[in-house]
């Protein structure tokens, strides 16, 4: 799950909880806001979580991660975040999220944008967390 | 300069030529299509060119480069391409270009999109190569 | 755990099993030989495993991983492998392992070399898997 | 050219000057100490220089560079430094240099160590800057 923006945390937490309910691991960038919210939602529902950090130490990791990957490569870790998922769900997000959407589509990963969010041709659009998870799972099963 | 698409090569070559005329080095991803065209335009106008390659060897480099940087980091080299410029001009482009626009804006680099191209809030829009170069130079001088 | 060389698989598997017995997650480069052996040892002992792959797909991952991180950055993923551990244990290894030892020491991670292996000033030396795990745990607790 | 250590600057400057005299571009990590010294030696002899920086801005670049590549990937830029050369000369150096030697050898780049320096099997050994440049050029021509 990718994205950013404090105002989207509730939706991100719902996405994390729903993914965990489907037995799917939740991979994020490992920091705060929607990344922490998605991991929290997944952990509280008994799911597995991985955070892929930009820096050289795990100090910035949120507290809801089973595994912390410390990449040391800054923004280039965005590539690892989207490449590690079978599908990508975008919740909110600024320019970093746009970059991740572009990278995910370059790699052929299905991308679901939970509206409101970036409008990019080739992404699937969802209006609720339930619909986002449903579309992501369906995209993985048919790809 | 970033971008892709064989149909945009003429415009990319013009951008390269104009940048060289302003004494500006042209940095691209070092491969073919618009990357080669921009470098060719710059070299033919006596300018300096750098190509930043994704792979582990220089074999894929186009022939118009003064300096070839071999990164070995795949798509993550896109970060280096946009970070190395004072400003970024996008000509054509698919999802990789969208990712680069997102990264450039994340880093605070001014981005000029030569239309037609990705429509992203926060980018400057140009309808001709001359206008693109003019906007890019102006953005660097005021930033 | 880092390293390479088919002849070191038995020792790598023992290291993985011992780390799992201590409740420690095993992070490797996710491919074959000692990376697979260490993960296999950990999984068979009920431990947790993470593999950090160089390529853009998970196809190359071994079968003993709880979580696969797909970085897309080639050899630069070696930085993520060593940065993600609290300590690093090297088993066997060629030049890639030497690079990882250098990166780990640059980042201040304690490095234990299970002999025979690269001789680098600043590393701890162990002659058995038990001693390697013991030294690594002790180094983490005192750092 | 790779390496570090203020006490090796004179030798690094000689290496840069000699490479420039042979018409060879000098690529370094772009920061201070031996990296700046090598670039200074090359520029003063009329040569071409490229610096490949770890951070997200060019502020840290030394003043002797024709082209500055800003990678944003931290220590992972070491891969780009060694991959971009046809051969690698190591002058002085701490653990980061050891990592670069390991990466260069992994990629099959010839490595010359100007003594005193890391002792790594598979590297060529030189006792003077002249010998280092001579060995590097010979290795490129026969590879």
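Letters A, B, C and D mark the chains as written, and numbering starts fresh at 1 in each.
Throughout what follows, a contact is a pair of C-beta atoms (placed from the backbone, for glycine too) under 8 Å apart; a residue touches a chain by one contact, two chains touch by 3 or more.
Every value quoted in this text rests on a predicted model; they were computed, and no experiment measured them.
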Copies chain C, chain D: same or different interface, half of numbers shared as the threshold? same
Look at all chain centres (mean of CA atoms) and spot the one farthest from the centre of chain C. B
Per the C-alpha centroid definition, the whole-Å distance linking chain B and chain C comes out as 39
Measuring centre to centre with CA averages, how many angstrom lie between chain A and chain B? 29
Multi-chain contacts in chain B, i.e. residues touching at least two other chains, fall at 56, 72-76, 79, 107
Could you list, by residue number, the parts of chain A that touch chain C in their complex? 25, 27, 48, 50, 52, 56-58, 66-73, 76, 79-80, 83-84, 107
Please name which positions on chain A make contact with chain B in the complex. 73-76, 79, 94-103, 105-107, 120, 122
Under the stated contact criterion, what part of chain D meets chain A in this complex? 56, 72-76
